[in-house]
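Note that the chains are named A, B and C in the order they appear, and that numbering of residues resets to 1 at the start of each chain.
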Amino acid sequence: MATSPIDNTHDTPTPSIDPPLEPDDRTETIPAVSGRLGSAVNKISPVFAFGFLLAMGILIFEIFMRHVFNSPTLWAHETTTFLSAVGFVFGGLYCASKDKHIRVVILYDIAGPKLRKALDVGISIVCMIASGFFAWAAWLMVKRATMTPAGDIHFETTGSAFNAPYPGILKVFLLLTLIVLMVQFFWQAINYMRSAPITGSEQNE
Amino acid sequence: NAQEFTLKVQSSDAAGVPNFELEQEWAKRVGVMTGGRVEVEMLPVNSIVEHAETQDAIAAGILDGHITDTSYFSGKDPAFGLIANPVGAWSAPSEMLRFVQYGGGKELMNSLLNPRGLQFIGAVTPGLEAFVSSVPLDGVADLKGLKMRAPEGMVQQVFAAAGAAPVNIPQSEVFTSLDKKVIDAADATVFSTNQAMGLHDVAKHPVYPGFHSMPMLEVSINKTKWDSMPEDIQAILEMSVRDLAQDMDARLAMKDMEAVAKARSEGGVTIHNWSAEERAKFRQIATSQWEKVAARSDDAKRVYDTLVKYLTAQGLI
Amino acid sequence: MFDLQSLGIEYGTLAMFVMLLVFLITGMPLAFVTLLIALIFTLGWFGPMAVPLITSRVYSFVSSFVFVSVPMFVLMAAILDRSGVARDLFDAMRLFGGRLRGGVAVQTIFVAVILAAMSGIIGGEIVLLGLIALPQMLRQGYDKNLAIGVVCAGGSLGTMVPPSIVLIIYGLTANVSIGDLFTSAFVPGFMLAGFYVAYVLFRSYTGNNIAPPPQTEKIPHAEKVRLLKGLFLPILVVICVLGSIYGGIASVTEASAVGVAGVIASTIVRGEFSIAMLKGAAIQTLSTCGMIVWIGIGASALVGVFNLMGGIKFVSGLITGISDDPTTIILFMMLILFILGMFLDWVGIALLTMPIFVPIVKDLGFDPVWFGVLFAMNMQVSFLSPPFGPAAFYLKSVAPPDITLGDIFKALLPFICLQILAVGLLILFPGLAGG
């Protein structure tokens, strides 16, 4: 097993040891195959990344309120779970756009340029189809999570005393993410098809 | 006779707890009573979908049915939370079961579930839950400022109204949080199961019999499947659920009493029993919260009206 | 539509494993391999109407509170990686461990055990050690394989050393005391960590170029004081996190947030804090969690589909037929766990096997607490075993580019053997887990 030549997991320098500080533009590159959609995903990613920091802040606030004032919030745990969930879902799309998902590449390494190109195109198409099915299934789920049987709009809530509409929102967000994911794989397939077959050696890490 | 129906039924109980064993025995009895025409496969909690997702899965035809706490669906409509656990309404399983069977509960459940693609067959309950606490609690006044875990649904709201400070941690962190005194108390489940899970090792002042919660577990299946069943099978299913209700009540109560006797003889645990007065006080706080839930949706209002009408007629409030 | 149901559950299971392997080697992203197999079997076995099962599981998986601690640990790692805290810490550790061959690797295992006491789940700690300890050990001249093994195996201890979500989930499923499980896991957890330490020392003293030569030159006093300062902030953060758990201030998941706050405070004290640094760390967290969580999502979806296909009945049927000898049945269960561990992550394995194994173990008259510890020990193996070894994936997500998945799995082999040895000892001597 080896790292894929197109595995961009580490297209960036090794975590620095010396000097300790470096500007953080190392996560900003998006492979060309992801196109403009990939850039857009990259552009909005800080919003979701900061969600994790916000979740951290909320948990600290909750500890503080509970331990110092003996008045725990009713919303902290639900909200941090929601923020993390949104981050996890978006993180999957983000890794797809950046082609950072982990792969096993035995076949890839022994394949010639033509087969590699075929694999790239094939994998993108298969992932696109799968994402399409999931998006459709998510739509069925969203219908039940956003509407009452009578047809009124009602976002599914957590059912707690705080009762935030997080489940409804998260399901809608999952649907949207799966749609974008499908489109992202579509463009990757197109762009792999357009590109010239990769000649192995210079791409190997 | 040839097998006509297979039902994959997901429980809200884990595979190793006594409740699940009772449900598996029920599944077997259904097979015997229908002469093999119905085969019920009981699946433990989260095995196909997560506990709060079974309603959707049944409607989609992925699962055929569930035996689950109706309050898990409070987020879909507050009506589910109110009918599942109207905190303060029932002091014994038989009171709740009478309401469901004869007081309009069954009709309410079907009016909520039928449009969502499910058919309600009947209700069962594990009984009054015991309260887990690491500090002595002898009445409503002791709840003031009590850091306690409560799940979604009405229970949390009622405790907040009673002056406690509910913390919304998940069940998986109840034990460690009680152990390290992050929380003082927790709404868990019946006494015997709490005991088996070791909750009384870290929280030595349980309140038993419980005063706060008696969840309704609904037995429901996919409506299309139900409608396709001949009348005799429908009747057998209904009867078998009525029997399961009494079986669950009796056997879990026996287990509770056994666990209580054991806890008393072993010592180390102080079991608190609230006076009738304190129970009444808590009940009053709880019932004041019903109206608030009722205001949240039309269906919740219908549940509220039916419930109050029944309780009044029975002289229970 | 192709009808997979006609395969029956036996050949269906086999087909599932074969397809997993085939798709795996095409180079398809792992997260999508499991999701795709789940989709194929859902469509082929039940038809399109059952596909929402997969999205439902995706939704449930991401919205589980216990996973909140994963981004917290990754955040800690990403911030530490961008500060000088880690380098100073390891330089100071060299001061203590420098005279012992392999001393810093041994200390890394100690750090891993401390991290394990701070968290109940794995993922975050491996990322943390992978970002912090691995480059430092490589910098100091440790053998790559040994360093990788220490990071992955040590980082997996989180579910073996209490608190442990694996044991909690087991306790809730098996209806046994979680306190008893924690107490019983203590000795086996430390035994496993002890095996790792012994192995590191053995390799360091018998092999060439495994560990840097012991320090012989005298370090001036002023230099010692400067180095020791490097220990101060990390120890303070550890005290805050462990103190908040064991002092009853925070739940285990909340405590991971305390760790992040502590690490941020450390960078402020050191004058290394900046918004750009925080942003970079947060984005790395997004990316690493995206990888880690989606792999879990796929496995969870696959187990849901397999259970619906009748997987629970199938696996329990396999066991009941196998033998009348209780020990043989236990060994067979271990084999099943080992095979499943090659393909699934622990959440999936727990969902599939606990409902089957627990009642059988109780019927056979074994102590369910002992079996819970045994289960947790088995999950240690599953974290490392190829082709689907979450620990390897977590490390891969942050390791330097020249370290391939193949390198990682190769490095993990001896550690897997140590874990299997621990499983064996637990079966031979149930007393180790108080059984």
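Throughout what follows, a contact is a pair of C-beta atoms (placed from the backbone, for glycine too) under 8 Å apart; a residue touches a chain by one contact, two chains touch by 3 or more.
For clarity, every value in this text was computed on a predicted model and none was experimentally measured.
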| item | value |
| --- | --- |
| Overall pattern in which the protein chains touch one another (line/ring/star/complete/other) | complete |
| Best-connected chain pair, where connection means C-beta pairs in contact | A-C |
| Interchain centroid distance [CA atoms averaged], subunit A/subunit B, Å | 37 |
| Centroid distance [mean C-alpha coordinates] between subunit C and subunit A, Å | 22 |
| Contacts with two or more other chains, residues of subunit A listed in rising order | 77, 140-141, 167 |
| Shared interface positions of subunit C, touching two or more other chains | 52, 56, 59, 64-65, 249-250, 253-254 |
| Shared interface positions of subunit B, touching two or more other chains | 56, 60, 169-170 |
| Residue ranges of subunit B touching subunit A (in the complex, touch as defined) | 56, 59-60, 71-78, 81, 115-116, 145, 147, 152-153, 156-157, 160, 165-170 |
| In the complex with subunit A, residue positions of subunit C that touch it | 24-32, 35-36, 39, 43, 48, 51-52, 54-56, 58-59, 62-65, 67-68, 71-72, 75, 81-84, 87, 131, 135-136, 139, 244, 249-250, 253-254, 257-258, 260-261, 272, 276-291, 293-295, 297, 386-387, 393, 396-402, 404-406, 409 |
| Footprint of subunit C on subunit A - complex, ascending | 1-4, 9-11, 14-15, 17-18, 20-24, 26-27, 45-46, 48-50, 52-53, 55-56, 59-60, 62-63, 67, 77, 80-82, 84-85, 87-96, 98, 100-108, 119, 122-123, 126-127, 130, 133-134, 136-138, 140-141, 166-167, 170-171, 174, 178, 205 |
| Sites on subunit B touched by subunit C in the complex | 8, 14-18, 41, 43-44, 46-50, 52-53, 56-57, 60-62, 169-173, 175-177, 179-182, 193, 196-198, 201-202 |
| Residue ranges of subunit A in contact with subunit B within the complex | 66, 70-72, 74, 76-78, 140-141, 144, 148-150, 154, 156-163, 167 |
